[in-house]
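Each of the next two complexes has subunit A plus one other chain: subunit B in the first, subunit C in the second.
Let's look at the complex of A and B:
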């Protein structure tokens, strides 16, 4: 029986065999380190430092930024709003996108056109969508008020972006409008990947449409569903452009979510340390969420 | 076996990755576009003009070409330096400068709000200009403008934009209702009630920020202490005058209902001015740039200009301005050449052009008297003269000592107004809470 070569020996062999390839990979690794590792490391170091108003860390090794953040009276409201925004928009997206994908998975005249039209909001940059909707929602000059008053639904113009409730709902609406197409198209791709013969077999067994949906479609779509919702929730947590352009988190921080609030902390109020601390918290929460979610997904697959 | 046949072995994977990375290596080794060839660098470098960078905030759509013309003229006027202009939008400007300064990449000169001047100066990131500009040169400027940029006896910014305010009102509507030009808060309320007919026309434009300041100074009157801080640094916003000021605005918003809807998030430039220009608002307090905008966007509008209204008829009318500055970065390695650029930008001819282009009040005394600026045949001259006169008594919002938490303190006031106008708190309660929040932030409680 031959002894397995040691790790160093294998490393030397590997190096001798593929030396040029490793040298050529150096720029990519450096790029990865500079553009990904460095910003994350910088964020973490700054979060644990005293930071002056020009964003220079002056002293490393303090929890003060996290303590200040914990004492910030607005934080509970920001956390509530962030969760409502992230989970709320994704829930609404799923409710709209899944039936939409089911419809698009059937054959009807104009199906290709419907798919193309569906993609328009998603193809639009978030900033463009948000600016367009900001004008539609404008209290005095917006077309929504004009339309609603013309058809007699409202008598007085509604300032959609001026009241906390309507402003938050409007921001969620724009987020959903911009993102639902991606979810629907991904669901559609998942539906088209289901082998048709299992439906044929189910039909032969006498299954009805509801049973087909419940026992065939839903289990087959579970993985797609899990991945799409995970990605969408992470994107919604990180969402910035829609709220910033529509309301800037106003009035009274009632439409702020974590991403917009940390920007305010850092760049408007010059509490850079607290801004970085909130970034670290968001980073940790999203990482934990992703890990738990993928573990759950793995567990379900194994079951 | 299947895997071995179809899968990518580690060796092949490395080959693919290496081939993909090769262009990066080549790109990294290549000279950057526009870089001189290595053989020509030596001797030419010592004679090359110094390159200056000017980061300019965008006031309007003409800012870029107008400023570029000045920079081109400067580049032609001498050979010691060339200046590169970078125009950026106001909303991103402060953060862009902050990022560049923090990263040791500050532009040589940049313009911005007087508040930024104080913030950057407190972090020792602006260069003192007194010696670089010289007393003789600075004597050409209004003292109020120079004082606004002076911290601890040293000048840290050239006043770029002095913007006292006034009350614009529609003379056709006032004549129709038999109303006189508004002078007091009572006049404003009476006129707004008589004219307001929403959504066709709103009586009086109300918002946070500037609009709180107009009411605040109107409650106190010119000749008195207009600072929102007491001598020992406590906030005065919940004082008797502070409550009266916000009560005036609140009466218009909630009692009379003569303002435009949702004043808590009304923006002067994107909400209120367009309403006035669209002839959907009878009265609006705004700045000296408005007659120029009206002459372009609503030339047939019948309007006039009055001093900012006061609480009582026997008070003197105050004014207020938010000065902008052109600053020199302390990081600049070519301060002499940057000072030459500043002197060029601030010569009488260029400042006259700037004032005419932007419709702002010149900070140079001689430009304010220049016949080209106060041309008797120009219908806007009367407004220019009005503002030049107002400048003499205008209060500088960024009057030192300006707290490092200035932006956050203003947000406390804005939020108090939102609480009041959303009907969540009374005027006294909201302002008391906001004052307490500010004092706590200043560690005064």
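Let's look at the complex of A and C:
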């Protein structure tokens, strides 16, 4: 079908012209193929196989792992928590990050210091941040209880990581704390990318600050806004270290999300089959997001 | 409104500044709060940490914890392993990313757009989603409990971002520079190494530091693939410390502060470039 006259010739021409480019790409393509594409394929095949206790697939061609997963009585809870965690943290991040970006886009003394301090949570190793917050949330000796009781907000010390509600809120808080700066900085870049002459025109028309914001800033920021929000949702979906260190899903799976639960299924309960099935589900969800994301980027570029 | 008419005292600009700082200062305090707690705890004695009531600032600051932690846990080994993982990942990732980025920046070849889309797409898949597939692969390659595994996987997982960022850098360098070098008798690769590399060192440094931080901060991969105590990096070493029955928080915070110091200092050095790069990649 491809052997149209001249096709081979064109192929040879392409090769002659761009030979070096292909050679330069070989190492990275090999790397991706072995350590990324192959494990993904392997994961999908294994999810549809009988899996023994050593994680080896023994017999391909079954939906049993997915059926077992669907019958896992904890799954509805895990799904609910995963969605709440991902969408909830991102919603809070947007609410904080957008005003923050607007502030950072104005001129005030100490602006670069503020930016640098704001980025510290993002630069700190995830693991270390989570460990430190665990200490801050500590029931008897933690600084949070101490500060809140000094100020008079609480009378009795709260075991923050011991109650399902507060533990989940704490995990969400730490996620927001560590990601919000990146979102703010990205919004800021978007704001700075708005051509200033747009505002000049609005000023000439006598638009007030709010009108200017609503009619000029918001529409200009729509694409950036959607892309960054989507990216953050994806990041929150795959969040693992924060919860694993802070609560490890405790108490009684009430702070588990898909990422931590699949790890438990596989490496703690040795239900490898269900672990693979859940991995594939998470993979499919992230792929969908990823497709929307690349589409949005394409639209952005085309605009 | 009234304040606006009061001459001298409260100008609109002052009101604006009060508003800005009123919103900004609480956010900044929460941002650096863990760092403050970490530092403060690390200078406390064990009595001060464990006998109520808690204190905020150390009553009798001591550097004892910074001396003790090296004996309590093999902190030196953890540091060394984190360093090896960080440096190894950086080198491996650059070796793979530089040629790929150069090819993407300079050539228009068949399949380029597919490769670019692929790069964008795989950014979404972090270790945790693929961890079981990776586990099977690493086990069958007999590469469990090896630092090389962590280095290779880290390199692969930061490769897409690094390629993107370097591609952007290479594109800012006019191709005429290589053409001139090739006229002088250099090969294409020679021209790239001799002319393009030196010109793009700010990009190379930013990417190198990003890869190093990625390696230094990585948690999921070493948690899954490393077992031996003498191979653990800081993130896992400190995590193991926190899962003990009785946690020595004052010592743990001292070790945490040292682990943080390294990356935060590195981060501050390239903060502007790195954030610009991250922003550019996410928005393209």
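FYI, the second predicted complex is superposed on the first by the 273 of 303 C-alpha atoms of A that agree within 3 Å, B and C clash if a C-alpha of one lies under 4 Å from a C-alpha of the other, contacts with A are read in each partner's own complex, and residues count from 1 in each chain.
The definition used in the following text is that a contact is a pair of C-beta atoms (placed from the backbone, for glycine too) under 8 Å apart; a residue touches a chain by one contact, two chains touch by 3 or more.
Computed from a predicted structure; not experimentally measured.
Judged by the touch definition given at the top, the superposed model places A:24 against both subunit B and subunit C. Judged by the touch definition given at the top, the superposed model places A:169 against neither subunit B nor subunit C. Partner contacting the larger number of subunit A residues, of subunit B and subunit C: C.
Once the two complexes are laid over each other on the shared chain, residue contacts for A:39 go to subunit C alone; subunit B is not touched. Of the two partner chains placed by superposition, A:77 touches none, neither subunit B nor subunit C. In the superposed model, A:194 makes contact with neither subunit B nor subunit C.
When both complexes are overlaid on chain A, the residue A:135 reaches subunit C alone and has no touch with subunit B. By the touch criterion defined above, A:282 reaches subunit C but does not reach subunit B. Shared-chain residue A:267: touches subunit B and subunit C both. Once the two complexes are overlaid on the shared chain, A:216 sits clear of subunit B and of subunit C alike.
Judged by the document's definition of touching, subunit A residues 17-18, 20-22, 24-25, 27-28, 31, 55-56, 140-141, 267 lie at the interface with subunit B and also at the interface with subunit C.
Residues of subunit B touching subunit A in their complex: 11, 14-15, 17-22, 24-25, 28, 94-95, 98-99, 101-102, 119-120, 122-123, 125, 198-199, 260-262, 264-265, 271, 274-275, 278, 280, 404-405, 407-408, 411, 415, 418-419, 422. Touching subunit A in their complex are the following residues of subunit C: 16-17, 20-21, 23-24, 27-28, 30-35, 37-38, 41, 49-50, 52-56, 95-97, 99-100, 102-103, 106-110, 115, 117-118, 120-122, 124-126, 128-137, 139, 152-153, 155-156, 159, 163, 188-189, 213, 216-217, 219-220, 223-224, 234-236, 238-239, 242, 249, 252-253, 256, 259-260, 263-264, 267-268, 271, 275-276, 278-279, 282-284. Those residues of subunit A whose C-beta lies close enough to touch subunit C in the complex are 14, 17-18, 20-22, 24-25, 27-29, 31-32, 34-36, 38-43, 46, 55-56, 96, 99-100, 103, 106, 108, 114, 116-121, 123-129, 131-136, 138, 140-143, 145-147, 177, 181-182, 185-186, 189-190, 224, 227-228, 231, 234, 238, 240-241, 244-245, 259, 262-263, 266-267, 272, 275-276, 279, 282-283, 286-287, 289-291, 293-294, 297, 300-301.
Residues 17-18, 20-22, 24-28, 31, 52-56, 139-141, 156-157, 159, 161-164, 247, 250-253, 267-270 of subunit A are the ones that touch subunit B when the two sit in their complex.
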